[in-house]
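First chain A sits with chain B, and in the next complex the same chain sits with chain C.
Then we have the complex of A and B:
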């Protein structure tokens, strides 16, 4: 219990935390990005069907979690910028360029940030799988895999072990297939739903390949 | 005349408060106590009382225990559901159960729920709410079936249907819709199950299974679980590590010099 004898300053906060976990894995010629579908606040559930992945183009999907108000606005801003680019250049933004654009948009709000944890997944200009992860103010890096959002701390070490084969001696590094990636992502979300109260209800998995974007929905614990 | 032996002064000991304040100012992170999150509920029905509880214990937003038991034994005819700080509910019910047993031996009578209620509320009031135990106490004694709620500060309510914990609103919504006086056993069990389920699925602090405890003049039926409402997710892949996956960095063999050997025979115990 806090000390109720000491003066405590209360202030309205413009932010709130709506939960949600996102995860992306890049393969040789594909990328997989998934998010859970639960939207919550405090101990309440708003809805069981609010996926946090948004299709940006045929080669890029953005996963966005954190404060849902900022998520929706950020998506609106990115899509507007994409529209301008398409009109000007008569083509879609590549994944690398989209990442740079997102970083610029996020940093433009450096002193009143978008409270969002973003992961962009897709195919780069050469057709290889790519994953870009961002912090709320636009610091970003290209990686092979990344977990973000509510259960990130639980999932990231598991991915380090199973995707990058860290802390495992004498294991042959086999190329990651789409099926293996999808089953790993499903299992990892199943495990997150066991221990994180904000992760559950369902997981929406987007598989990005040269032939398009395939979507899979798997149910999760609803408690 | 000053006594050499110091009699205990009673009341709450504030000795550590100053030290805790100093630590807080120094910015030390305090450990989060395991709270039960919780949905607990109870009703009085035709033949007695039914207590119900979920089985999730949380440490902040992480699930610490997926299947903990929240319905505690107080006496053969009295059980108590606990919400709030897990250690507090566990120890408080154990202490009062012990006191009640001594009392039972002293009086030679079957313990009464009102007695357990008095013992609990007087204990909790003494600690001014610092012991975070929020309880649903129920049972059947010589005067009939009784159901109480007890708050950490020591207030009690005697009611025909109650719920406590973070999921109490969801559970109470179910009760307000479905409760009738003098319900039949199976209907009453289903109602309590539905109330706890309301908490499990709509409150993030509650989850996993539903335990119930039916107490009547005949005896106690402790059903754990009554409903396994959430089964553990089944993994698709195989994550067993092959032999040698853990790297051996260094091997040291130290031989022990055996100086003497003695053999001692021990009588085997009665099996």
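Then we have the complex of A and C:
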């Protein structure tokens, strides 16, 4: 029998997409960063317990999602450079410097990028909450809040409305407290898990303050 | 400790039988013939003074500087072969800029000195290049407070409270040791260093000189700058009066 199918060109790809959503919010003197814990490829789930946040120091946590192979390598490279800095300067990298360093590392692979979506959250040199978000080749900006990864497009508009109070008439802007930030983060992740197949299983929330890093784990839909 | 090293002194890649590399020692001789430069680390900053010897009547004032700014917060004073020191200025500025580029942070002067001294040392390892013929001093007022370092032609870098290089370094060192550097502010120290330069300047052997004064500290908000004209005039006057007094003491 003849084959009437259209010709398909196959090509091996060095990348794959392992899902995962990350989110960070900066307050006056704290920062909150969260990620879901599902690791998947296509319709398969590799594991329900793979958080995408990595502690860099007592004042900085990096959220890193996209292609898990590049995530692991990138974390290795950053941690190696941190080690050198600590040995040379007898102190930790500040959030601002860590952001610049990450941007340099990402751009060094401009022509074979790290397929990662990064968000760095923590306290700046003056003790104020900060969030830095990056694209895969190192373009970065400091912001008050940012969603990244799989369900970013679903979460970002919600944060615009709830954190920055955009498109809301006559609402009083109150300073964001840690409890409000955490409950907001929990709510948005629950919503994302409803509609995004890559997001679910659980969410790990890191709360960074001058007294250290507090961690909360909240379960999510497992379907 | 002066001795000639006939046979073992033709290249920096040769040791003498008593374990010396003569080329490096000869490089220091270049510094000994240059105009004096001094640096003092005081309570709230670092001050530099350089005796810039002028050989030509057509010399334009404030040209051929021997004090440089490396990034906003670090100053550098050079003695020895000035052409060599220009190269190290460029290198230092590159290191500082590169540090800012990767870490969004001004370079700590200790780290800069570490990097530059490695570069200077590298030039003592091969016969294809010659060692640098300078001593350079770095001064800064950063988060760790005031800091003063000096790098010599061998690549050794040390931290100092007071430092003198060039023709009259012995005399200048003696004068610096008379001061209580840790109790001086930049405003006091700038007058003292001007005075020391005027005191140690040899009127007989070297006729004209131009004084260069710079500082970095609390008084400049952490920026390295040449001192303002009024401070300069005041320091020079203080220096000249001090010489007159000591001259008249000698006469008595």
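By definition in this document, the second predicted complex is superposed on the first by the 215 of 223 C-alpha atoms of A that agree within 3 Å, B and C clash if a C-alpha of one lies under 4 Å from a C-alpha of the other, contacts with A are read in each partner's own complex, and residues count from 1 in each chain.
The working rule: contacts are C-beta pairs under 8 Å (C-beta built on N, C-alpha and C of every residue); 3 or more make two chains touch, one makes a residue touch a chain.
Predicted model only: the values in this text are computed from it and were never measured.
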item	value
Broader residue contact with chain A after superposition on the shared chain, chain B or chain C	B
Partner chain(s) touched by A:104 [first = chain B, second = chain C, both, neither]	second
Chain B versus chain C as contact partner of A:209, first or second or both or neither	neither
First (chain B), second (chain C), both or neither touched by A:94	second
Touching partner for A:156 - first (chain B), second (chain C), both, neither	neither
Residues on chain A engaged by chain B in the complex (per definition of touch)	1, 3, 40, 42-45, 150, 162, 168-171, 180, 183-184, 186-187, 190-191, 193-198, 220-223
Interface residues, chain B side, partner chain A - complex	21, 24, 37, 56, 58, 61-63, 66, 129-130, 166, 200-208, 229-230, 232-237, 239, 241-242, 244-247
Chain A residues within the chain C interface of the complex	85, 88-89, 93-94, 96-97, 99-101, 104
Partner chain A, residues of chain C touching it in the complex	101-105, 108, 111, 114
